[in-house]
Each structure stands twice: as C-alpha cells, then as structure tokens.
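Below are two complexes that have chain A in common, paired first with chain B and then with chain C.
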Partner chain A sequence: MHNVKRVRYSAEALAAQRQREKARLKEFQSLTGEVLARKQRKDHSREAFDLTTRLLQINPEFYTIWNYRRLVLLNGIFVESTPTQINDVLSDDLSLTTTLLKQHPKVYCIWTHRQWCLAQVPDGPTASDRNGWRQAYWNKELFVAEKMLEADPRNFHAWTYRRYVLAQMPVKRPETADLAFTKRKIESNISNFSAWHQRSKTLTSLWDAGKLDKARSLEEEFDLVRNAMYTDPNDQSVWIYHRWLVGPGEFVIGDDKGLLEREVSSIQELLDIQPDSKWCMESIVFYKKLLLRRHGDSLGDDERGKLNSECEELLGSLQSVDPDRHQRYVDLSRNHHIV
Partner chain B sequence: MGPALDIPLHVKYIQSLGENKDDLVYHLTAHLRMNAVYWGLTALLIMKHKDALDRDEMIDFVMSCWDDEAGGFGAHPDHDAHIHSTLSAIQILVMQNALDRVDVPRVVKFILSLQQDSGVFAGDQWGEIDTRFLYIAVNALSLLGHLHELDVEKTVGYIRRCRNFDGGFGAREGAESHASQVFVCVAALAILDRLEEVDQDMLGWWLAERQLPNGGLNGRPEKLEDVCYSFWVLSAMSILNKVPWINAEKLTAFILSAQDPEQGGIADRPGDQPDVFHTIFGVAGLSILGYPGLDDLDPVYCMPASVIESLGLRKGWTALPRRQV
Partner chain C sequence: MEFDAIVLGTGLSESIAAAALSKAGFKVAHVDNNQYYGGDEASLTLDELAEWADIRSGRKDTPSSDYLATQKERYTSISRSESIPPQSRQYAVSLAPSVVPSIGSHIDALVASGVSRYGSFKLLEKVAVYDRPGFVQSVPGSKEDVFKSKALSLIDKRRLMRFLMFAAGEFEDKKELEGKEQMPFSQYLREVFSLNGKAVNAIAYAIAFCTTGEEHTLPVLRRIRQYLRSAGRYGASPFLVGHYGGLGETAQGFCRTSAVKGGTYILGRRVLSVKASSLADSLEVEKAASDSAKTAARYEVQLEDIDEQLTSTILLSAPDYVRPSAPITSSSHDVPSVSHAHYPIARCIAILEHPLVFTPVDAPEETPAPEVEESIEGVEDELSDKPAPPNYEVDTALLVFPPGALPDGSTTTAAHALVTGEASMSAPRGKYILNISLPLPTSDPSSPKELLRPYLEAALSLAISPSSPETTPTRPLFTVFYTHNPPSGAAPPSTPSDSGAILTPPPTQLLPAIADVATENAEAMFWKAVEQLKAAGVRRSVVKESYKKSDGEEEKVYDERKPEEIDSFWPPLDATEEDSSTADEW
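Now for the complex of A and B:
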C-alpha cells in the first residue's frame, strides 16, 4: 500500500463502514466463487467472459482471472469468430485496459494483458493489407503510452511499454523522433531522470547504427546538460547523465584528455559560483581521477601530484558538506590514490 | 530521541492480519496471500517470535495453494501457479523445515520451463518477463538444491544486458535503473557467484545517493523516500559491503517513525496506513542496520541468516554489527 493516509476510526465508524462494505464484499465473494467454478469446469463461453470483465473491474490485480479471460478468448470466443470479429473483441479489450490503466497506472496485470492483446491481432483487414489493423493499433499504442507519461512522467511501466511499442511497430518510427520526445520531457522537468535515461539509450542506438554524427551530437548533449546544471546544480539526474556523456571507459572520442580537462574546468566555474555544491565537487573528483587513470602516463609527476592532492582536498570538503555519505569520501581518499 | 521498535505490537499486528476476514481489503488482496504469509513469517523470525503463527495451519495453507496442473504454487487456493507465489511457498516451507512436503522435481521443472531464449524468466505461462522473475528462479532453485540445472551463462547474460551506465539494473533490457531491480539483479549474481558483473564503485555511488536529507531512501533519482527501499537499497549495499556509505542513524530513525504506534505495523512513510509488506522490509532494513534485539537477516535471500547458513548458502555480505541496547 502506498500513499494511503492513516486514519483512526472510532469503533462505531468502523462498524458502520463494515456494514456498508458488507454488500460489496458479498458481491465480490460470490462473483469470485462463480468465476473460479466456471474456470474449474473449463467454461469458455461469452457469459464467462462477461463475468471476468465484472470481476476485473472490481479487482484488476486478480491475475488468475486475467489468465482465465485469455483462455476463454483463445479456446472459446476466437474459435467461433471471423478475423474481423476477433479484431473487434481485441479492440474492446484494449479499451477496457485503457479505462483500467487510468485508475490503476501501476498495475502490472493490466499492462501485461494489453501487450498480450496486441500480439493476438490477426492479419487484415485484407489479404493485400495484412498489417493494416496492426499498424493502426501500434500508432494508437504510442499515443496511449505517451498519455500515461503525461499523467506521471516517471511511470516506469509506461516507459517500458513505450519502448516495447517502438521496437515492435510493423512500420518503425525514426529513432531521431525519440530525441525530440525526451528533450520535451526534460525541458518540462529537468529532474525527470527517466527521460535522461531513455535519451542515453536512444543516442547509443543511433550512434551504433551510424545514423547520427557522434562528435557533433555529443557537443549538443554537453550544451544541454551544462544548461541544466546551471538551472539546478542540486539535481542529481543531470550529474548522472553528465557522467554517462563523459563515459568512463565506454567510448573515447577524439581528444579525450582535452574533453576531460574542459569539463573539469567548466564544472569548476560553477563551483566557484556555488562553493558548497556537493555535486560539483564530487564530479570534479571523479573526472580528475579518471584523468589520472587514463592519461597518468602522459602527465608529469608534478601534474599527477597536483591532481591527487586536489582530489584529497575536495574529498575532505565533501565529508563536511555531505556528512550522510561521509564514509564513502573517506574510503575514496583511502583506496583510490592514483600514482 | 524517536520511538523504539515496538516488537510486541508488530507481532500482534501480524497475528491480526489473518483475523480480518470481514474486511473487503482482506479479500481484495487474496492474490497476494502467499507472499503476505512469507512477509509476515520472515518479519516474525527476525523479531524472534516464530511461534506467533501456527506452524501446521501455515503449512496446510501453503499446500492448499498447490496447482497440480502447472506444478507450482498459486497465491491462494484455486489461484493459478505463478513463479512469485511459488518462491514464497518454498521460502515458507524452508523456514518451517517442511520442504519434504513438496514435489521438488516438479517445481524445478515448472521454474526451468519459464526461462526464455533471452535468458530472462517469465512469471507464468503467459509470458510477462522481468528481472524479478529471474531472481526468483535463481533463489528458488538454490533453496531447492537444483541450481546445477540452470543455464548460468544465459541467465547472467540477460542481467548483463540490463545493466545501465549508472551501475544499476532495470526490469528488462533498456529499462531505467530502479532500486528493487538492483536488488534482484545483484542478489541473483551473488547466488551465482558472479558479482564481478557489477560495477561496484559506480553502483555503490548510485545506491548511496538514494538517501534523502530526511534519512529515508528512494528507489530512483529525484523520487520520494519509502520504507520498502530500506530493504531494496540496503540489501544491495550489504551484498557489496557498502552499508557504511549512508547515514545509518538517520535511516533507522526514518523507519521507526513510520511505525503505527497504535495498531502496530510499519507504513511506507510516517502517518500512512501500515501493511505487512512495509513491515517486513522496514524490519529487514533495521536488521541490516544492526538494530538491537533483532536476528540477522540474509540480504541475498531475504530470510533469516541462520536458516541460509544451515543450508550452506551464505555469501560474502556484511551488515552493520548488531548493537546492544
């Protein structure tokens, strides 16, 4: 149970509530009994199907009933139907899940059933347009997933579902459209790490496929994230994304040493304005250590010593600026002295 | 100073859960009953009150949920078998020393049949996939002594593909890191002795940053605190030997402040309605934090450490030392 305030009822109020619930409880129990009995005797009729609808409207988390509903469809209703009729039934089932998702956006069973329905869509409407029905659904699915993300931009069910839809559509949407989508989400709230995460996945995929100029788009990302840092230097989404952009060991672009030095001095500028910024300090330590690890050989002894002692100094400040994670900074300065 | 852990009250709360049969909510949560029994029993064991619930009655309930068609356990009599309720059933029977009641080869077959070509596991024959189900399979096979039947490379391969640049793991390939998915992936890797797959410094950082100024832990960046993350985050930190990277005192106080001082039980956050799910994960968190008077919890299996030790399954995790009152 999440976000349900504790309310203390008097004994009388509690008894009254029990009384009110009694009718609902009785209905739920007899309906459950009836549906489970039909399931037991493998009743795959339309009547059984309608009863599952009623029960799932009361309790959409009742996974056994969703399972039974699918059995009724597969072994009963679909068997006697034309492709057009099957398509109509699935269309109704998708509507049912849309309604339920609006009330219960985080119930796994509903999302699962939705995905199952889509996989069942038959070929059609005609032999020459076999993907017609499917493509129409998939376009709508994207809309549904994005609507859900308007209601709750962090709903990971909706993000997962959206990724699934994008990957499965018979006619794919260009991935670059996803960059515009995630940018919109980030611009409306830079704390939306789900959007930053998705952006990292899309960019990786585009770069790997050679569909995007990596060097240039990286620079655009650095601009985006730098703006976000200045907007709210305490927002950790931004710093985590920045760390991905610099990419510890993942990919080395062009002048890696120059890039690290540039990012360190850009964060240093922000730290000069915000001298207590934990995230600035933490990131500078991380990137300076990265510089030492990757380019230690090309640095002189003086330079290495200087970087190490700067890290030590920052780790010392971090212990007082961020006392909750004090021990981490102690461990970092103890274990990670890079020669 | 905040409140202490009111063990007698929480024991009473857990006992009362089976007595609310006139409540609509009791019936509306029937699909979670097996899990709820596992949560309640584990909490009682950690609070050293194993006998507060009747052993025979509990074992009879578990066995009444056997789904003979599928070869697994459902959450409730007449409910379909699912991998999640099957693990809870096995965990209960292990804690009650009654595993001899189970047709082990059939359950093993059921679990293994749910592995997909990608390496992940489905929850049941309907194919919903999630790294949670992968962990459940690994945990259950390990408890049943049948881990050797698992295709380890295939399984680890899937976890690897769910690893994100922040060191965390998501529910599926491509999904955002989330503390509960981090727990399941790290714990599965621990059971499979494959923790080298984890970028421990990066993940340790991400986990430590789950703590908010009020002491509570969240499950993802820029989200609210919730008592259940005390377990998801702490268990992973404990497996990586990094519990000292957060402020234990503040987290302890946060969990204790979410107790219901009248009816017992722990809620997601202070002032909310308690439930058995947050009660076990609050108690589990306190155990890892070394709270006095509790038994050790094994963070890999979320069961009493003594039970896991007796099976010879203990891994190299560390919790904070148990404090004396």
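Now for the complex of A and C:
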C-alpha cells in the first residue's frame, strides 16, 4: 500500500500472521463451494442472498457471485415484495457497494452492481411523486462520485460515472456548477487531465446552448491556462487544453490572427525566463505554423519568411532539448505543411 | 538498587534514549526532579506552568539542588500574570513549542519504537507571514498555492516555482549551487533566483524557518527540501503538532515504552548527589569485567527520601543535573551535536479567548462550492449552496514575523508564534495558547516582556476579524514571559577516556528541527551507552519466548545476550493488539 511505512515485525509475529491467514483461506474456500452449489440448484432464497453478502465482503471482485445475487433479487426477493420493500432492499445493497467501494474504488463489478440497483428503483414514493425515490438516489450518487474524486481526483471510473449520473438525473443540475467543480480539481492538481477534459466538454455544451458568453468565457479560460502554464510549464494537459482553446478558428469575435499572435508572444515571454521548456518551443512552432496556414495570404513575403525561419530555429533547438523525439522535429522542419 | 544505566532528566532526548536502552534489554532507572515528565520539553497545565515559573524565579521557595540552580540560570527574567484562568487542567502548554516534519528522524523513531501507537497528532493548518495589523500574507508552499495566488504576477509565479522545484530535488551537484554553498541565504535567493523581498521573506522565514537571512545557503536548502518533501504525506501541510501539548506528551510516551520494558521511574525526587567511582577503581573494575560477567557499579545517585542509593554502570544525563563543579566527568566530545547557533530566546506564553484569523492581504479568489450563474434564467437548483464567505480562522497554526516586520520589533531576527487550540487537544473549547519565540543574537538589556510586547500586540490584532463588528481588542487571559538561555558551553572537564557520563548534547532552537535533533542526539547517546556497557561486559536481558502457564499467567523466558548483537536503534516491534492493519487485507 502507498505511504504505509514498513514496520519490522518479529519472527514470532509473522508466523502467527500466517496461521491466521490459513484459517481465513479455508473459510473462504468452503463458503465459495456452498454458494456455487446453491447457484447450481437455482436457490433464490433469503439464505442464499445472505451467503452471497458474506462472500462478496471477502472478495468483491468475484463477478459470478454478483450475477447470482442479482438473480436471487429478481427471481426470489423482488417477486414477493412491495415497491417500498424493494426500495429498502435496494437501499441496503447500495450501502453495501458504498462500503466496498471505499476499500476497492476501481473494481468494475461493484460499479456495475450499483448502476443495476439504481436502474431497478421502482416508481415512488407516491403516484404523484413517481421520481422521488430516484431523484434522492441520484443526488446521493453524485455525492458519492464526488467523494471518490476527493480521494483520488484522477480516478477515471469516478469521472465517467459522474458524467453518467449527471445524465441520468430526472432533474438536471446546471452545468455551470460543473465549471466550479472542475476548476477546484484543476487548482488542487494542475496535472489532472480528466478535470481539464471534463471542463472542455462542459464549456462546449454551454457555448452550443448559448448559455454562456463565449468571448468572455474564453478570456477567462486563457487566463486560467496561462496561470497554469507559468506555474508548471512541463504539464502536458495544460498545453493540450490551450490547443483546444485556440481551436479550429470559429470564434464569435473574429480576430483569430490577433489571438494567435497574442498567445505566441505570451508563450515567448515564458520561454524567455524558462529557456529549456520544450512545450513552449513546440507550441510556438505549432501556432506560428497555424498563423501561416490560416493567415498566410494576408502576411507579406518578409513576414512569412521570418515566421518560417523562426520555426526552423526552434525545431533545431528542440532536437537537442528533447532528443527522444529528435526525428519528429526533423520531419516537421522538412514538411512545412504538417503541423 | 543496581541498574545498568541511570538516566537523569525526562526531557525528550533522555526519554528516547531510555526507551531504546530498555527495549534493548538493559535495566534502566529514569529519574526527574520534577513531578512531571518532559523536563525542558514538558507540557504543563496552567497550574503547573505557574508553579514552574515561580520555582525558577525564586518567588516560591524550594529546597535547593544542582538541577534547580542550573534551571534558574536557564530561565531568567520570568514574569507572569497573577491569576490563573479556570479550567487550568484542560490546558497543555509546551515549554518547547515545535512542529514535527512528516519526514524525518523523529517520525521514524515514533514508528519504529511503537510510541506512535500512544500518541496522536494534528496537522498544522497554516503558516502565514504577518503583514500589518489584522492581516497576514499567505505563504505559497505548494504548486496549488502558487497557481491560485492572485498576489503573484505570472513571472513571479514562474520564478517561485522554479525555486521550489530546485529545492525539492537533488541540488547538491547543480550549477545553481556551485560555489555558493556558504552564501547568505537571502542574498542567494535574490541573485540566483531573482526573487524579490516578499518572496524572500516567505521562503527564508516561513518555509525554511531561518533565524536571520545570513544563514548559509546549503544547510537551509537541505531543510527546505525536507519540508517540501514532507508535504502531502499526511495532508497538505508538512508539519504535525502532537496532541496534548506536543513534545512533552511524546516524551511521556517514550517513558511509558521504557517502563513497559522494565524501566524504573522516579519522579519528583530531588537528586541530592551523583558520584562516580574513581578512575583507579574503574580501571580495576574493567580488568575484572573482562574476566567475568560481573559488573561493578560506577555511579551512585542519592535521591531525596529514598534511603537506598541507585547504582549503575553508566550514566546518561541532561546537562542541568550535572554542574561543572560536580565530581563527574563527561565523555569526550564525540557525541556529535547537530544543533545550530545558540542564542538566548525571549519567550511569551499567552492564553487567548479568541481564535486568530489569518486574513490574507490579497485574498485569493476562492472558487466556491457549486453556485448558480446569473446567465441561467430562473433555474432554481435546490442542490446549490450560496458561496460561503471564506473562513480564515485557525486553530493550530504558525505566524511568522520576518526581520523588520514590526516597526518596534527586531530588524535582524525573525520571530515565530505557534497558536494551538482545542483541535490539538491542548486547550479547552474557545481558548487558544499562543507561544512566541524571538532569538536574541545580541545581548539586550530589555526584559522579554518589553521585547515581545510588539509581537504579542501584533498577534492580538489578528484575534479579531477586520470585518467583524467587535471593536474592543482582545486581551490575553494569562501571560508568562521569560528568557530561555542556552546551555553555557562550559562543559564539565572531559577526560581522554570514553568512559564518562553521557550528557545530552544541546538542543536546537529551530522550531521545526527540535524533535529531529533531539532524536538524533538520543541516538548518539544510545550508541555511546551501548559502547560503554559493552566495555563493562554488561549482558542484556531479552525475551526469548513467552508462553501461557496452566494457570493462565504469561511466563517469559529471558535470554542473556551480548551488547555486540545490537544492530539497530530499535528492535523489531512485537505484534500486539494492533493487528488491525492485517485485518484490512480482506
């Protein structure tokens, strides 16, 4: 386990530990035998259900037993229950998965069982409030997903799950809340690619729906990403986000050329105080080539020539600063149309 | 009563050494003049603190002893408030305020000795630099802090990050350091990293905890590296503060371990005399010892109210128990002292009724919890909270005064103030202990009260939030001022032989280094002790096996082993009740 200091135990202590493990192993094997036998017999009783609980608590990755548990619920327990009772059973099962997820946050079958439970929630509690139970569960889901992201902000299971939850909620949360959420995650770790990624999805959705002033929002994003660049020029996710921001060139305010020039000069300033930054150099080449490609016609021959030679020079430096990708830079300088 | 080792004083170093010796199988007697554990690092209730002050100031008449005479030189110019606040026993005031880095020799010793099981810790919440009445400058100590800061320009951010990355890595061979290892640190920051005044102050005094900006660069960088790497181990801050008063509680934990392993504890009895057998006798004894396993006592300690003398082969002692005039020789100076410069320190302990509020001068824009944007019309979302105003109250935190921070404070030396509240289990709810220390490199006739008054007032200015309606400034419920003088450096005469008493090397005054240095000193003392015990032919008693007898009682069989086989500071831990870690495997 990470960050658990190795403690020296005496030989007697280790021997005692091995003894205990042997006993547990025996228990596990006999329990497994019994549960599988019952499954074979299609035993869908309460007793069988409780046995699967015990077994799953010992080994939650045993997906066969999860499947069996679901069969027991569908064919046994649900058949003889009222909607309220079903809701209670599902609630208990969700608690079980929560406990297990705390210790095993990346086990797929626990997540799938959770989703299955949520899909099983019956209408209720009343005829007039048919989504009441569901809404409560989905709210809690969001809370759980975000709690997982507190523990490990780069757990992509949790990010994916969070998107799923937001999509499933009967009453949707405003996407602007998402902006605040991703911002906090980025602040606590600039390297969090998942957070930047989520942010880009949210922004796109908000811009397309016209819910956010794109120009102002873009400025804020450039400000954010520039702060990140200066704080850590080595972080790949920052540069990739920047590239996405500069984008394919369809803006509300149409001064793409001005934007590109401004960004190049900002990155150049950073390069001046951090002369070994490969990302700065590579990005400047990228954006200068973009300038040439998109606006080459409006530039004079002199300017075009200057931009080209500046790119050549940087690509030369890159070959020594980033020798692992030496050949790529050679290729880039040979083929001017490849960006 | 015969022992292998007598240890005088239950300060942190002595307690760690006693625990290690007991665990190694030696018979230890551990003695302290005071009624409490911890010596100069003790954690005291307010009543105990008042008595501590009165005894040393001479206000309370106490029977004399060498220890007390030295303590009166150690702590001078003592003054205190007359009346003691109620709930006195719920306070744990530390005589040696400190923070423990999450990576370092002290934490290692806590884990390896098992004493970590006895104690618990609070993560230090914040470190801030005093700016002006009511305001502090937050100290960016991590990438996140730098990223979020609104006070730093983009270029400042890059420069600061560049320094932090450099200091966290392997800088010993880097060209940025070459030839500049002895350069004054503040100059180094300005010249090599182009950092300006505020950044220099934050780094030198609030990250490295320098006393002055003149400290040599290399040792400062090493400290910074230790603290940067400590961040994130248990939480965002690199530092831990022990519950129930910090180091005093920890010292007690080591004493408890020692007692569990058979150590004998005698508190609250004056040490009346300490005698060593003469050199001639000891030579004879050593010759005899090489022939047989019989060990002869070399030290005799007489305690108040105890008829029988304590005798032992070796003696470890806090220097305050052994006056230069005493007939004791100390061992030659190869117990290395890792401490830093030693100045007297002016100290103030104050009990406050309000928490300190660390309001930043340039409050960074806190990204609030989910909010509703105005551009969404009419969407009422029951889930969203209105952004709460940021709360800058602290419970357990450190306030730093760089040189020149106060118009009437020191212009050359930094002061540090540690505040601890209920969350560190050192004060009752709603009360806080403020502990200010100001090193005094040059002698100053002013009293500690005069010297520290500006710092106390500045700290109190933070006890009221600038936006709160209260206008009456808060006053402390209780204060103690005193000067803490370092050991006088006039060591007892040392003999060429290595067989003298083992005195605790001087502690460091650097707040975050106190625990680590005390631990390293303890380890040095331990090895010296083992060496002497080996030379005297003393065997140690180690549990070979233990089993349950038919009447249910546990029986231990002891094995006699030679000291030569001791290969580490701490033996492997016994697996005991705390096997919960293995239970989690499932």
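In this text, the second predicted complex is superposed on the first by the 308 of 339 C-alpha atoms of A that agree within 3 Å, B and C clash if a C-alpha of one lies under 4 Å from a C-alpha of the other, contacts with A are read in each partner's own complex, and residues count from 1 in each chain.
To be clear about the criterion, a contact is a pair of C-beta atoms (placed from the backbone, for glycine too) under 8 Å apart; a residue touches a chain by one contact, two chains touch by 3 or more.
Given the structure is predicted, the values throughout are model-derived calculations rather than measurements.
Participant: Considering only touches as defined above, state whether A:180 meets chain B (first), chain C (second), both or neither.
Facilitator: It touches chain C, and chain B stays clear.
Participant: Examine A:24 and indicate which partner it touches, taking first as chain B and second as chain C; both and neither are also allowed.
Facilitator: Both partners, chain B and chain C.
Participant: After lining up the shared chain so the two structures overlap, which partner does A:16 touch, if you call chain B first and chain C second: first, second, both or neither?
Facilitator: Only chain C; A:16 stays clear of chain B.
Participant: Report for A:209: first if it touches chain B alone, second if chain C alone, otherwise both or neither.
Facilitator: After superposition on chain A, A:209 lies in contact with neither partner.
Participant: Touch test for A:8: chain B only (first), chain C only (second), both, or neither?
Facilitator: A:8 contacts both chain B and chain C.
Participant: In the superposed arrangement, which partner chain does A:64 touch: chain B (first), chain C (second), both, or neither?
Facilitator: So A:64 only meets chain B here.
Participant: Just chain B (first), just chain C (second), both, or neither: which does A:201 touch?
Facilitator: It touches chain B, and chain C stays clear.
Participant: Tell me the contact category for A:273 with respect to chain B and chain C: first, second, both or neither.
Facilitator: The answer is second: A:273 touches chain C but not chain B.
Participant: Between chain C and chain B, which one touches more residues of chain A when both complexes sit on the common chain A?
Facilitator: B
Participant: From the superposed pair, tell me which chain A residues show up as contacts to chain B and also as contacts to chain C.
Facilitator: Residues 3-5, 7-8, 24, 58 of chain A touch both chain B and chain C.
Participant: Can you tell me which positions in chain A touch chain C when the two form their complex?
Facilitator: 3-5, 7-10, 12-14, 16-17, 20, 24, 57-58, 103, 139, 173-174, 176-177, 180-181, 183-184, 187-190, 211-213, 226-228, 230-233, 269-270, 273-274
Participant: Considering only the defined contacts, which chain C positions touch chain A in the complex?
Facilitator: 111-112, 143-144, 146-148, 154-155, 157-159, 161-162, 233, 367-373, 375-376, 379, 381, 383-384, 545, 571-575, 579, 581-582, 584, 586
Participant: For the complex, give me every residue of chain B touching chain A.
Facilitator: 22-24, 27-28, 30-32, 74-75, 78-80, 82, 124, 126-128, 164-166, 170-172, 174-178, 202, 204-206, 208-209, 211, 213, 220-223, 226, 242, 244-247, 250, 260, 262, 267-268, 271-275, 277-278
Participant: Under the touch definition given earlier, write down the residues of chain A that touch chain B in their complex.
Facilitator: Touching chain B: residues 1-8, 18, 21, 24-25, 28-29, 32, 36, 40, 58-59, 61-64, 66-67, 70, 108, 112, 116, 154, 156, 159-160, 163, 191-194, 197-198, 200-201, 235-237, 240, 243-244, 247-248, 250, 323-328, 331 of chain A.
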